[in-house]
Structures are given as C-alpha cells and as structure tokens.
Amino acid sequence: MKPKIAFFDFAGCEGDQLQVANLEEKLLDILSHVEVVSFREVMTGHSDDYDIAFVEGSITRPEDEARIKDIRSKAKYLVALGACATIGGVNCIKNFMSPDVYKERVYGTSGRWYSTYAARPLKKVVKVDAELHGCPIDRSEFARVVKELLLGRQPWIPDYPVCVECKKAGNICRYDLGRICLGTITRAGCGACCVTEGAHCWGCRGVAPKANLDAAREAMNKNGFDHKTVRDLLRFFLGDTYAPL
Amino acid sequence: MTAYTVYLEQLHAMLAAWSKEHQVYVPTAVEGGYFDFKPWREGVEIAFDYDLAYNTLKRYFLPPKEDLVVFDLAAKTAEMVFDAPKQLLFGVHPYDIRGINQLDQIMETGAPDQYYLHRRDATVVFGLTPMRVAETAFWSSMGAGEVDRGFDLFWTKTGPSTFLVEVGSMRGEKMLLAAGELTPASAGAREAARKAHLKIMEMGRSNALNFDWKQVPRLLDKCWNSPLWQKKAELCLACGSCNLVCPTCYCFDIREEADELLQKGVRFREWDGCMLTSFALVAGEHNFRAKALERYRHRYMRKGKYIYDRYGELGCIGCGRCVRACTTNIANPREVFNTLWEASQHED
Amino acid sequence: MKIKEFSAYLPRPATLKVKKELSELVTLFEFENDSGRPLMHKPGQFIMLSVYGVGEAPFSVSSAPIRESNNFELAVRKIGAVTGIMHDLKVGDKVGIRGPYGSFFPIQKFVGQDTLFIAGGLGYIPLRSLLHYQLKHRDEFGRIILLVGTRNPKERIFIDQLAELASGKDVEVLETVDVPDETWKGHCGVITTLIPKVRIDPDKTNVAMVGPPIMYKFCLGECLKIGIPSNRIYVSLERKMKCGLGKCGHCQINHLNACIEGPVFQYNQIESVEEAI
Amino acid sequence: MAKVEKAKTEAAPTPLPAKGKKINVHYLTRVEGHGNIVAEIDAGGKVSVCRWEVPEAPRFFEAMLIGRNYQDVHHITSRICGICSIGHQLSSLQATEDAFGVQISEQTLLLRKLAIHAENLQSHFLHVGYLALPDFMGAASVLPLAASHKEEVLAVVACHRTANRMSDMICGRTIHPQRMVPGGFAKLPTDDDLKNLKAMLEAIVPKAKAILDVVVDVAGNIPKFHRQTEYVALVSDAEYPLYWGEIGSSKTQRRPNQLYKDVTREYCLPQSTAKWTKGVDDSYMVGALSRFNLNHDKLSHLGKEAARKLGLKAPCHNPFMITAAQLVECFHSVEDSLRIIDILLARGIRNETPAPIKTFACKGVGAVEVPRGILFHAYEYDENGRIANADCVIPTNQNHANIQRDLDALLPTLATLSEADIELKLSMLVRAYDPCISCSTHHIDLTGDSNKLVKFIRK
C-alpha cells in the first residue's frame, strides 16, 4: 500500500512547501509512490489518516502546541521541514525582545490581544523523526529524503559543516575576501548555495552536531568582526539554538 | 628534452585548435586578487604570472562527485559508468604536477582506480614555470619545485612574448606542432628558461621549511605525543577545508541515490576528509578518531610520514592551499613541521 | 598506465537462499553466487554487500572456505541503513557483492598446532570460518579451544552450534557473559577472565582473536601474560570502510589500511602502531 | 485538446431547509497561508454571518527588523513570504536605497525588472495553473487533472519550471534568493545564461498559449459577479509598471510612494485587533486586475492579445477575473523579459560591483508590484545603518477588506444554492484574490479572546 503523506504548517513563510511544489515533474514521479492526503497549499480535501507528516514552521503560540501534538499522534513519522521547524529560524529574532515591546511595535495598543510566546522549533514540543534543514529546504534534498524513506532507510543528512560543500563548489572563501561567514559551524546539505550565489552562509541549516563554536567565534573576531556583527549573524537563524551568544 | 620556442602571438591559434578536441582550462584572475583555472574561450585572459590556483587541480581527475555504477532497482543489476572528457590543463605549476604524479601513483597501486586512470589519460597537462610565489606557499623547500614527468609539454616564459616549450610526451609534441613547424629552441633560450626557474626557486625560499624535507618522516616518528597537536586542535573547526583543497588528499565517501520513480539508481563517490568528525565513525557510534587531536595529528602524519612510508614521497607538496583555507590558521604544515623541528632540537 | 574498462566497484549478483535469526538483532544469511562460481575466500576475509538504493557495507564471511560450494554465509547485526534493510530481505531476493577482500588467517601456520579462538560478541562470525575449516580437516590441527564472550545472554549467537560443539570432543568450549540474567547458568564476567582458565602450551598455540575494540587491549595482555608470543597472535581489526580497495581512506590505522593489510593482522606487526589497539 | 467538462457550478436551486445554511470553510485550501470562511444564512434566506478570517500565527517582522544592519534587512523581510520573497527583497532594497540615496546602475535596474517578471511568472503560473484552474474545471486540485488533462498540466508545469529557472538565473534561487544586495548584485548572470533564458522563454510562449486556450474554454465557468471598487496600483507613463512607478488609483490622483500611508490608510475596528486599509472611501483592490484596470494600455502586444481572447476589458469589476488578468500579465512578462534580455545582451553583462553605500540617519520607501499587488516597505535608519523603524504594507493585507466586501455582496445572491455550492463559490472568490496570508499575517489577524479569531466585519 502506498504510504500516505500530509503537509502542515505553523509560523513560517510556506517557502518549504513551495519548494516541494517546485519539484515540478519530479514531484509527479514521486507522487506515484505515495498518496498525498493533505497539502492545503495545492489541494482541496484532507484526511487525518497519514503515515508521514511534513511540518513546516515554528511553534509560536500556546494554541499551536495542541495542533502539533495532534499531528504527532496521528503520524507514524514526522519530518520537520525547513529552518522555522528545525531550529526556530528567523522567527526567533523576536525572542530577544520583550513580547510587550514587539507587540506594541506592530500592533500598538491592540498588542495585548495576541497570544504569542518565544518561537521554538518543533522538537522542543514533540518528537521529530527527521529534519530537513534550510531556509528554504533544498528541493533535491527533499526528493532524496522521501526516496530514502520509501526505500526504508533513515534519511542521510550531512553532519559536517558547509565549508565542505563550499570547497567542492570551488568558491572563494568569504574570509579570504574579508567577509564573514557561518559556513564553518553550519550543517551542510545545501551545497553552500548562498556562498555560491555571492552571499555568505547565514546558518539556516542549524549548527553542525560537533561544531566548534569557540573556535569559530575566535576566527570571526580575529578576522575583524566585532561582537555585535557576530551576534547579529548568529541571531539570524540560530536564535533558539544559541540564544545566549 | 626536445624544446621549441613559441611566441605569444602563436598561442591563440593553438588554443583555438586544441579547444576543438579538448576542453581547455587556463589560469585566470578571479575575485579578490586570486587566480583559478577556468574554461578557456575567446577573450579569456590567461594569467601567466598567477601565483597559485585557488582550487586544486585534482578536481579534474577526481571530481568532487563522480558516478561509479548505475543500477536497476527492480532487476537488481548494476553497470559501470565511466566519464572521462578530453581536457587540457594549460599552465600547471611544477608542484601541482608533483601532486598529480603522486595521485597517479596512489591510484595505480593495488587495485588500480580505473575511474581516475580514465580521466587522467584523457587529460593533457601543460606545465608552466611559476613567475610568482603565493604568500602561503613553501614548495621550493619541499622538493616540489621541479618535475621531470607528468606533463605533456612544459612552458617557461622567457621574454615578454616568448616561451620555451619542452616536450614531455609524444602526445604533447604532436599537439604543439599540429599548426605547423616551430623553431627548435636555441641554447640561449634554454639558458633563459633555466634562469627563470632558478629565479623562482630563489623567490620561494623566503617562506621555507627550516630543515631538509627528507627529515620530516623521521621527525614525525618522534612526535606522536607532542603537546602541539592538542594545542592546535583546540581551534580546529573540523571543517575539512584543509583536506579538500589539498592536491594530494583523495579520501572519498560512497553513497547512492535512486531516481524519482525508484527504478534506477546511481552509486557515486564524493570528496571526504579525515578532519571531519565522523570520518572514522562506524555504526553503533564508535568513533576511531573521536578527538580533534587525533584527527589533527593524523592529517600531519599522512602528509609527513605515512605517504612517505608507502610511496617514498611526502604527502605535502607545499602549495600552501590549506594554509589559506584554514579559517582558524592552524593548518600550516610548514609551521607545524618547523615548530616540531624546533622542539626536537632542544630535546637532544 | 593500465587503462581498462573495468570497475572494481561493480558488484556481482548473489541470491539469498537461507535466512535464520540468530538473536534479536543478528541474522544468518546464506547467499548463492549467481555466477555459479565459489566465492574463493579465505578465513577472515570480508566482502562488500550492496542493497541497491540503500548502500554497501563490509561483512566477514562466516562460512568455511569451501571450493565446491557457490554458497557462503554472513551473519549480520541490524544496526544501520544497509544492515537494517538486509533484515527485511526475503529468500530469493538478490543483492550485489564485491570481494572477497583483505588479509586472512594464514591456515598453513595453524597446521599441526593448537588454536585458541577468542571471540567477543560478533567476533565469532569471522572466526567461525577458520573454526569450520579446522573442523573439516580436524586431523591436521591440534587442540581447538574456543572462548566466547557476550555482553548478555540475549545477545548470544549460534547458540545451538556452540552447544553442539561443547558436547562434542573436537572443541573445548568456554563461554561467558558480561551481565547475566536469570536464565544464565554459566560463567560471568568479561572474556578476559576465561583466558587464565584454560591450560595451554604457549609454544604450540596460535591465537585467533576477534571482538569489539575494547576487548583487544585486555585480552592481548592476558595472552602475552600466559606466554604466547605476539607473532602467534592474530587479530582482526574492523574500521569504517567504503571502498574495500585501499582507496577511500576511511579504514586507515596509522599508515595501514584495514581493508588491504587487514583486517587480519599478526599482532607483532601492529604492536607499535598507535591507532591499532 | 481534450474538451473540458463544464464544472457543476450552476447547480439547480435547492429548496430552503427550515434550519438555514451554515458554511464553515476551515482552512481554505489552495491558498498560501491559513484562512477561513464562515457564513450563515438563516431559514428566511437572510445572511446573518459572513466572515473572512485569518488564523495564521503573527510573526512580528517589523519588530524583528529593529536594530538590524541594512545589509541584512532584505534577507529578513524575504522570509515574510516564500511565494513573494523576490518581491519583498526588491521592495526592501528599494526602500534602503531610497533611504541612503543610492543610484543603481542601468544594468541593475534591468536585472531587477527581470527579477520581478520572474516572480510574477512563477506566482501567476502557480496560481492560474495549479490553484485556480482546478476550480474552473471542477476538480479538487491539479493532481486529478494531471491524469485527465495531462498535456495541459504539463504545459503549466513547463511554464512554471521556466519561471523558476528564470528566478534561479537572475536571483540565484527561486525562494529567498541571495544575489540581490543593496546597490546591485553580488553575483551576475552571464551572457550565456541570458541566451539560455531567452530560448527558454521563447519556448514557453506556445505552452502559455495552450493554457490560455484552456482558460478561454472554461471562461464560461467564471462566475459573473460585479462589484465596483477602488483600484490601486503603481502607474507610470513609461511602461506597465511593476518594479517602480507612482501610486495610482481609479478614484484619485497619483501620489509619490513616500505618501503611501495616505493611500493605505490603516485603521482599527472597535471589536477587531486587525488593522484594515481604506482607500478614498472604503476598501480597495490591489493586484493583477487593479494593474490591468489602470495600465492596460501599456501591456505588451501578446498581453493585449490575451486580454482580448479572454474578453477582459478595462475597467473590469469582476474579482473572479483576477485570474484572467494574471494570465494576461504572464504574456506581458514573458514578452517584456525578452525585450529586456535583448537590451542586456546588446550591451553585454558588465562586471559591476554593487554601488557603494554610506550610512546616515534617514528614511526611505520602496513600492513594487508583486504578484498580489502593490507592496510597500518603509524604513527609518539610524546613523549606523541600523533599522530604527520599519513598516511593511502587504498586498493581501490591503485586499482583506475588499475580499470581505465582495463576500458580503456575493453571498446574498447565492442564498438559494446548496451549501456545497455556496461554499465552492465563496472559496473561489477568495482564491481568485490569490491571498498570500503568510505575508499578510506578519501584521493582521488573530486571537480575539472569545473565539481566537479576528472578526472582519461588524455584526
């Protein structure tokens, strides 16, 4: 029987689900092996009977918790999709402000109506079986992981830093250009796409499991990047993981 | 060695002719004042005076990712795939040719690596005498300043528009003469080339190993327990950059991926590095080199001793790429070897 | 350069013939070479087994080297991607194999001598190949002493076979578990504790020892203590492996490749190799 | 081409059940983000409740920007929305450059125009092909259509893929791209890229025409509903403006972007925590149809031709025709992109570095026509180039009130239909707007204390 898959989202930009839609023909091929029972972004109809749940977005409100727990209880396998879901992502930038302040900023006096709390990744609320990192996710990685699940194996996700892929791509290291980069501590899997496209690594795939943060920070400082610059960069996506930095 | 004189004005037509059969790569200036090999075509400026190719040339023989076998998931059958495009590397420095020669040796030994050999065979290498030395390089003191094999032609710029071209293989000579007869090099031209070579070797000495490179294996023999490893390794990011940029590092991982219909698949290899934390990690979470110190030491032992023990050459040719690649400034073989040497002198 | 249209990475097909559970996590697999030719392995060697779409992994051949049979046995513990899928294979399913690869126990050196087998956990799997060879040619060999250590009774493998051996005369079997449970009546404690219990003649005994990394340190010390010289001790060292051909670099033990110079080493060759034990 | 089956939207009136009708579309599908439609018609056929709700979580982007360096700002605002990330970046960059007085090069301008075309194509093909077409063809999603109308679906896929590749080639990625930076581009496409792109765009013209034929075929299924409203979009005498222009309105004179607040007048309702926007009198519409209504005479040749085929004439007061206007814009974008590529190829891509920026305390506004309408970013920077204040006014945000007004007008006309048909029609209406709720909820929505939902109308 075909495994049933479903997509859900919480606080996020839906870019990850769009990445899935952007698989185009490949998606149609993959779909021949699975049955999509819920994918609000592209289809009408929904069923509570699913094997694999792909969940995008962070948990940012108490009431989201009930929904994600319900999804968890129905899914045999839960995959967190994208930085908001895996590490909290940009949503965590607000965690460094007082809720009173950011509510007031955006909603004025009506701010008090809004239930919201520090944004957090799914794994802080429910058990997550696999994580597809990135902001947005890499569509070929998504395809590969789905195929690996269909073939019955735990997905392979790199545990080394982005520098590895950056070297494979043949880029000039940002540090050699006097620029900053988080590739030294960020989990690979994106092919160093941001560096390749002229930017630097922002850390969207989370910190590599054995990353040497002290060394990385020292390297950034030695290369002339002050505390504030480093902190801002670490708070772009990694606010939840390395909040005190 | 047979040698000819070639004028800059002749080169363009040659490149155009070679391009018909080969993808030609040449050193060019890239971002940030660095140089790298890029595909040649009309209008590409060749940096004859480049100091170092930012990326290692091993990627032309051992690509970052390379398919090994394709298989049929239903029938459970497999077939081999070889991809070896005809290519020409124009302007490879002697130390890099040394790196290629070492890879040749490693890949030919034991079970010959046919993937590598196919690519190697399909690649024409034209050497070039360097005219500048990269800040981080120390090849001249590693015995890697000259080569006598591993190239099809070897070019030395002997004047503003003149090259002395030495022949390294019949294939090279044929390609050189394809467009027509050339003047055999005069004794004076050979002398000019010799001088150019001496000059660059001299320039390279400003950044050198403080002792004879042949002592390195013996030195490392005594240094297993040196406190240096731990001190340096504390700053190691385990980013593998030093491995991946190294012309003589060749380790790889093998993985595979099925197509979207789950009918066919491909098994490929991809660059790996001994500095990565899970390089020696096996199922069940046992890691044979769990500590940064162990990984860090292993790399220097490979570069300075293990390769030597097996093949009679150092695993480091002194190109200095790792020196530049290491963000935390700890991957400098010259500095490590010098420091260990210094310390060993005090011991006796 | 010898250029050939030949890939050392190309697996050959083999078919699963028999599958037998040995413990909760370990299963015995008997495969047949589709080529109709025997594997031609020597005891202690390993093969690379492919499950297409999932990956490839090294496994010691557990059956005796028999020239007349196209079949061979592996015993595999379910622990990761390839081994996980292998446990879902059904009889008749096809896999790919490469090899055999690596060094082996030099049978000639064991002839006419006593052998002390020291098997920790899954270490019994490769040793079984040598043991079965000796049993087949029983008269050519002296005493066969088999020490088996397992973490706990649940993880014991080849239980019936061991019982059979223990009840026969060919092999002297001593078994222990590190952590006993209520079902366990035999020895308790790590395998090292068994070594002083057997009386052996150090001058005519060879040791064949395979087990998890931590076992070696202690067992080797015990063996040396009872007077067996290091050149009579053979160990098999397992490392991460990807190619099995001495190229991928993962199995390096200092300057050695576990897939070429190993997995079986004469202990005196590696005594001073820091990363070996 | 397969004959398209008529969707069963004009179902026979069913007798009114004594208990009235209840519509509760909990999470409208095939839109970006979470939105609900709640409607009740009493036994007498009178509408008692009609509500467009947005239960998406708020994300507080404007607050998140405070203190961030000008180089990071567009990368953060990109994350407001995955679908319009290029548009957010462009508007954000414009605001930053406006603030610091940066003049971008002509090449940068042309490339940015290509970027906005790429995004429009990406989003419009997605909406027309994957999300709206199923409605007109009576299908639940594009998946069943893939079986019944394979050729057409493949045409949609091909067009959408080309739009994505175009984003990759110009911006470096389809979602949250990395190449665009304040002052220019961190990495440039090559001449070869542009040549390839040109060939790809030329190749999708016949495919887009095939899609057009399908839509023309089912145009009869597009509900005939008209409600006049105010139309707001960028206007320019020079072109069909997408990347820049002035703020135009069907009801009042044009204004410079700096005065965006006069147009998007935000206000609060006593019983709602959500901000609303209000044009001259009341709600207004932004998006493809607004742009068409205000700028149709500047469309490219193919765009005009498509409008003619679709029977789309300005001014059009049928919100269901937004989808048609999007398709018209696709043709315009393809044709205009080809024109821009030719200019770029004639000049050859120059290896420019981004214009240098000197920071000082200042303010700036950016206004870009993204797929769903006019998008404003307005920033105030401190002297270190860090954000002191930020305001983003998002198209869907501006449309919410208009959606509500349309629902209010539409629902009474549907009172005699079955619940299922009412639900479908109401859903189709909202979907026509192609609402991008993730975007809009960085701002509007949420949690009243009683039912956790914002009520968009006074009851």
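Chains: A, B, C and D, in written order; residue numbering restarts at 1 for each.
The rule we apply is simple: a residue touches a chain if its C-beta (ideal position, glycine included) is under 8 Å from a C-beta of that chain, and two chains touch if they have at least 3 such contacts.
Please read these numbers as outputs of a predicted model, since none were measured by experiment.
Kindly indicate the chain pair that has more C-beta pairs in contact than all others.
A-D
What's the farthest chain from chain A if centres are computed as the mean of the Cα atoms?
Measuring from the centre of chain A, the most distant chain centre belongs to C.
When you average C-alpha coordinates per chain, which one falls nearest the overall C-alpha average? Tell me, please.
Of all chains shown, the one whose C-alpha centre lies nearest the global C-alpha mean is A.
Rounded to the nearest whole Å, what is the centre-to-centre distance of chain A and chain B, using the mean of the C-alpha atoms as each centre?
37
As a quick test, compute the distance in whole Å between the mean CA positions of chain A and chain D.
So the centroids are 25 Å from each other.
Can you work out the whole-Å distance between the CA centroids of chain B and chain D?
From the centre of chain B to the centre of chain D is 52 Å.
Rounded to a whole Å, what is the gap between the Cα centroids of chain A and chain C?
So the centre of chain A lies 43 Å away from the centre of chain C.
For chain D, which residues are shared contacts with two or more other chains?
none
Give the residues of chain C that touch two or more other chains, as numbers and ranges in rising order.
53-55, 80
Give me the residue numbers in chain B that touch at least two other chains, ranges are fine.
In chain B, the residues touching two or more other chains are 255, 258, 262.
By the touch definition up top, name every chain pair that qualifies.
A-B, A-C, A-D, B-C
Within their complex, state which residues of chain B touch chain C.
68-69, 71-73, 76-80, 82, 104, 106-115, 117-118, 120-121, 224, 250-256, 258, 262, 265, 267, 269, 272, 274, 279-284, 286, 288-289, 294, 298, 301-302, 305-306, 309-310
Where on chain A is chain D touching in the complex?
Its residues touching chain D are 9-19, 21-22, 24-25, 28, 31, 36, 39-46, 57, 60-61, 63-64, 89-91, 93-94, 97, 101-103, 105-108, 110, 113-116, 135-136, 193-194, 196-199, 202, 229, 232, 236.
Which bits of chain B are touching chain A when the two form their complex?
Touch residues, chain B against chain A: 30-32, 34, 36, 54-55, 59, 64-65, 234-241, 244-245, 255, 257-262, 270-271, 273, 276-278, 292, 324-325, 327-329.
With touch defined as at the start, can you tell me which chain C residues reach chain B in the complex?
Touch residues, chain C against chain B: 1-11, 13, 50, 52-56, 79-80, 83, 93-96, 212-213, 238-240, 242-243, 245-250, 252-255, 260, 274-275.
Using the touch rule from the top, collect the residues of chain D that touch chain A in their complex.
27, 29-34, 56-64, 66, 68-69, 72, 75-76, 79-83, 85, 126, 130-131, 134, 140-143, 146, 157, 160-161, 164, 172-179, 181, 185-187, 268, 273, 275, 438, 442-443, 446-449, 452
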